[in-house]
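Same chain, two partners: chain A is paired with chain B first, then with chain C.
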Partner chain A sequence: MIELLLTVFSATFFVTVIRTTTPLLFATLGGLISDLSGALNVALEGIMLIAALTAVIVSAYAPWYVAVLAAMAAGALLGSLMAFFHLRLKADIILVGFAVNILASGGTVFALSMATGGDKGTSINLVSKAVPGVDLSFLKAIPAIGPTLSQLLSGHSILSWLGALTVFLIWYFLYRTPYGLWLCGVGEYPAAPEAAGIAVGKVRAWSLIASGALVGIGGAQLAMFNYIGFTRDMTAGRGFIALGAVLLGARHPVGAMLAALLFGVFEALSIVMPNLFNWIPSEMIQTIPFVVTILALVLFSYRAQRARQLKTLSKP
Partner chain B sequence: MAPLLQAVSVGKTYPGGTVANDGVNLSVMAGEVHAVVGENGAGKSTLMKILFGMEQPDRGELLLDGKPVRFANPREAIDSGIGMVFQHFSLVPSFSVYENIVLGSEPKAGIKFDRAKAIAAVRELSERFRLNVDPLPPVGQLPVGQQQRVEILKALYRDARILILDEPTAVLAPQEVAELFVAVRSLVEQGRTVIFIAHKLPEVLEISDRITVMRAGRTVGEVMAKDVTEQSLATLMVGREVALRVDRAKREGELVCEVKALKIVGENGATLAQDLNLKVHGGEILGLVGVEGNGQAELLEAVAGLRPIADGVAYLNAESLGRMSVLQRRAKGLASIPEDRIAQGLATGASVAENLVATKLADPRFVRHGLLDLKAIKAHAEKLIEQFSIRVGGPKFAVGTLSGGNMQKVVVARELAEQPKLLLVNQPTRGVDLGATQFIWRSITDARDGGAAVLLSSADLSELLALSDRLVVFYRGRIVAAFINSEELSAETLGTYMLGLAQQEPETMRAALR
Partner chain C sequence: MSTTSPSRWTAIGKEAGRAALALVIALIVALVVILLTSTEPAKAFATLMTGPLSSNRTIGLWIDDVAKLTLTGLAFSLVFQARQFSMGVQGQVYMGGLFAALVAMSPLGGTAFAIPLAMIAAMIAGAAYGIIPGYAKAKFGASEIVSSLMLNYIAILIVNFLVRAYLAPAGSGQLATQKFPDAAIFPSIIPGTRFDLGIVIALVTVVIVWFLLYRTAWGLKLRLVGHNPKFAEYSGIRANAIMVSAMTASGAIGGLLGAVFVEGRAFGNLSVDFDGNLAFEGILIAIVARSRPLAVPIVALFYGYLRQGAQLMGLRTDVPSEMIGVVQAIIILLVASSFSLPGKKALGRLFGRERSPAAAMPGEAK
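Up next is the complex of A and B:
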């Protein structure tokens, strides 16, 4: 137990948490944008998977940033595809989302075997690149806290820093620009923005595209930093955990970040625990993030219900 | 003087073949309150949608300031200075008042939403037009009357010269109506023009300068408000003489339904109604008065079995209803015409015949050995269609294709096909035209004369006053006043109790509660 505590309070663990959180964070932000617009993107999982593969394949032939952009573009494209089916052809958004998920789990295996010349499990034959880490070792020069600071902050993926920035940007967009107001209005009560002359469908379409692009970055981080290369079904439910994080984060970007961090912590735990507790089957440990998701959501909806009750009771 | 806004022989046929407008002429002068009246289905709403760019006319043209215009969408109408306040508000509940008002035309500083400027603009507008409302609280927490002001301010913020109000008084208590009229007058004084859609004639006569009357998709006349009476206007609307009064109960029967110390609690634990005591006798109509959301609908739902009773008892013929299922209650002679015919009263995708037997699936006349007797069901439907003069192509037509009035007749036909002992009625004629209203009223009074005890709730006070033998007023989940209906009892009197402005002596109330 002490070993576990020592591990958890080490700088390496913190770095692991940031690493595991980043794909979740992008997926959660993507989910948040789509949820706020009223067209919940349940295809986060599938889009992340496709984006991850896109990133790997492109990075084998192009610089890493082109690969990240390609993953974003793939996500945006899938988002616009969903928008087309949902908004133009009036298909149910949940069904469209699941269609994308199913397409992704089969399609990526097919595309992988095409790209690697027959390998259906991993992209091990494909020499793919990584997203560079940001080296802040110059911080060591600061007296006293320098070395710790450098240990904590140095070496994170550039996309992790981008993620933190994106939280702020989305917050600014939602609460400081008129377009954020439009987005929230469209999600909550579309008749109102429609009567005000706002094109509801357009707002939703853009939110789905943005949602896809964000998840796409998450996929790039997963396959170009957390792991280098693609493995079949490597997203392993992260897209669905992100959906939970959207709700748990009270549909707010900062809340979304905290929720993503929470799940990131448990995923990191499930990575370090097998080494410490070799008597627990590692499969059990790997279920931790999912069990925590369910518990967190149950707790959240219970608290929300209580809050609603208290609110109505306190009304005169 | 040339009219500000003109519609010249406008026609609109919907894809289904329904001719909604057929040669409609409207000419609105600048600075007047122009009412458009007509039964539901007369084509008022379609005309307004055309004026506001939500629908495109198939024939005819619109002239604004004498120049022909065409609006492809509401945005273009808004840009030309036309604003519309719908009956169902288009407000985002969690947004504050000012956010709702500026939504879509926000003041900006760079790409930033300039909130301070928006708040100042809203304050300025609300002062200028005497539409008092605080810009900061979320709209969802405001009473309906205030929400309506927000809607009007929204149109004014977009510089509407012409403001279309669609049935603005339908959701308001009498006092709120008076406040609305003050605002409308101040708008007109400041040079704005108001088009007022309505079907409550006394209000139309009070507020408007000129009135355009529509019937069956056509304009049938344009009159000055000072030249007509309520009766002559009603005649013009329906095209025949109408009696807007009904006969009171002639006799009073035995106690049918009694509610004792009833308490109703919502799903979230909040008390919706408490301490309800009332008695209804056979052959009388008890009107439940109150602004929506004060417990009347909940009482009806609790008696009907759609809501649990938290405390107290409801009796039907001295049997407690508490533990009975809806079907058991129906078997004891309970019938219910619910508030929302589309959500609760009917299955709109199912046929008229199916809807008419939906509550009778235990009846061996229609279901034998678990199989539907389609012939009997069809015959039953044909009989009721005839008896209740439901305008429909046949028993097989889906209910969803019917007009509001005819849908409601299907509900009424199903509930009153057999004489009930206790009839629960909520908003029987909401969105129903005058002809069908008369018919539905007569059906209800027929059931009463047949010995049914009737509990009637309605947002329309004139309906309650016309039909009820006694009235009880709900305020915040309690019964605060009771009256025996008489000619002296006015909507204004009821209004003071509905808004909690007056309190009744306990003795007076007890006497009227019987």
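Up next is the complex of A and C:
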């Protein structure tokens, strides 16, 4: 137990948490944007998987930033596909989302096998690149706290810093610009913005596209920093956990970040625990993020329900 | 059900036509993909289209898949009819398979009771696993989509762990249990093939689910809750109780599928990752069948053929069987949407003026 505490409060664990949180954070923010516009995006998992593969294949032939952009583009493309089928062809958004997930789980293996010449498991034959880390070792020069600070802040992926920035940008967009108001209005009560002359369908379509692009960055981080390369089904439920994180984060960008951080902590725990407790079977450790998601979801939903009930009670 | 017979038949014809059109479009896309990627496209496409009929053995494989796809399609249909997007069938299959295997490996496994007992145990296990997301939604308002998906991952990990650590023969390093005793494995209907009791169980379940949905008060309430939960609530139906019971019944079917998996002649034992993602494909069956139990086996027959063709294509040619994922996605997208091809209408939709977007209400199940 002491060992676990020592590990959890070490700087390396913090770095691991940031690493595991980043893909979840982007996926959660993506889910948040589409959820606020009234379209529950259950395809986070599939989009992330396709984006991860895109990033790996592109990075084998191009610089890392092109690969990240390609992953974003792939995500945005899938988002627009969902928007097209949901808004123009009136398909149920949840069914469309699962179609994308099915496309991803089969299609990525197919595309991987094509790109590697027959390997259906990993992209090990493909020399893919990594997203560079940000070196802040100059912080060591600061007296007293310098070394710790540099240990904590140095070496994170550029995309992790981008993630923190994105939380702020999305917050600003949602609560400080008219477009954010449109977006929330479309999700809350579409008839009102429509009466005000706002193209409801367009807003929802753009939110799905933005959602796809954000999830795409998460996929790039997963396959170009957390792991270098693609493995079959490498998202392993992260997209679905992010879906839970959207609800858990009270549909607010900062809440989304905290929820993603919570699940990131537990994922990081499931990474460090096998080294500390080798008597716990690895499968049981792997269930931790999923169990935590259910428990957190139930607890949060219960509290939200209570809050709603109290609100209606207090009204005359 | 209030519609008169002729109009109902036209509606069915229309739906079948749309599904067939979706299938044709998806197959054309598959052909293009094969042409682009394969060095022997003609052989690959021919295997996809005719492979399952190539021998008695492959026909048996096909029918075995049809039985399983029918059951998972029914499990999804039942929750979809109540408009619950519970995706937990896979987890229920694993739990059902686990408990069926425990019965089959117990001393009871050698007796004549092995098959019915294992099926009952599996159904109870599946139902118990199906209650969890239903109860969490009814009691706490927790999204059943997220909780059921999480439960799938948990069930798979638990079963894989138990098989690896306890149920597999000790020290062998195998990732499967030993074969069950003969009394606990389904008898085959045509010897030498996988054409076994599974298909009979599947067809009986179709009739039972149809009867429950369309000939009982519970089924009427369930469909009412699915169509319009508010109205159902006002007319005195306890929507939450119906919802939980729908998920429980669906869980029992999922558990039954688990028993069919492990006791069928295809396996006859419990191994890790045994469902090969088939349980999840019930979502496609249910969507194409419009959640109608009687349409489920027909859709399963066609889809099972395609699935088996893809497997054989993966084995015999250079096109990986996973290519079928593309076909699946296109079929779901086309069937779930209101496409109509070819014609002015579709072109008008593509390029025409914006249709009233507010009509596209979010398909959320909150």
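Everything below uses one rule, namely that the second predicted complex is superposed on the first by the 314 of 316 C-alpha atoms of A that agree within 3 Å, B and C clash if a C-alpha of one lies under 4 Å from a C-alpha of the other, contacts with A are read in each partner's own complex, and residues count from 1 in each chain.
Throughout what follows, a contact is a pair of C-beta atoms (placed from the backbone, for glycine too) under 8 Å apart; a residue touches a chain by one contact, two chains touch by 3 or more.
Keep in mind that what you see is a predicted model, and the values were worked out from it rather than measured.
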| item | value |
| --- | --- |
| Chain A residues touched by each partner, larger count belonging to chain B or chain C | C |
| First (chain B), second (chain C), both or neither touched by A:176 | first |
| Touched partner set for A:194, first chain B, second chain C, both or neither | both |
| Contacts of A:92 with chain B and chain C, given as first, second, both or neither | second |
| Contacts of A:184 with chain B and chain C, given as first, second, both or neither | first |
| Contacts of A:283 with chain B and chain C, given as first, second, both or neither | second |
| Contacts of A:309 with chain B and chain C, given as first, second, both or neither | first |
| Doubly contacted residues of chain A, that is, touched by chain B and again by chain C | 191, 194, 305 |
| In the complex, chain A residues that touch chain B | 176-178, 180-182, 184-185, 188-189, 191-198, 305, 308-309, 312-313, 315 |
| Footprint of chain C on chain A - complex, ascending | 38-40, 42, 85-96, 98-100, 102-107, 109-110, 113-114, 118, 120, 187, 190-191, 194, 199-202, 204, 236-237, 240-241, 243-244, 247, 281, 283-284, 286-287, 290-291, 293-294, 297-298, 301-302, 304-305 |
| Of chain C, residues touching chain A in the complex | 37, 85, 87, 136, 139-143, 145-147, 149-151, 153-154, 157-158, 160-161, 164-165, 277, 280-281, 283-284, 287, 318, 320, 322-326, 328-329, 332-333, 336-339, 349-350, 354-355, 357-365 |
| Chain A-touching residues of chain B, taken from the complex the two chains share | 73-75, 78, 84, 86, 88, 90-95, 99-100, 103-106, 108, 111-113, 154, 266, 268-270 |
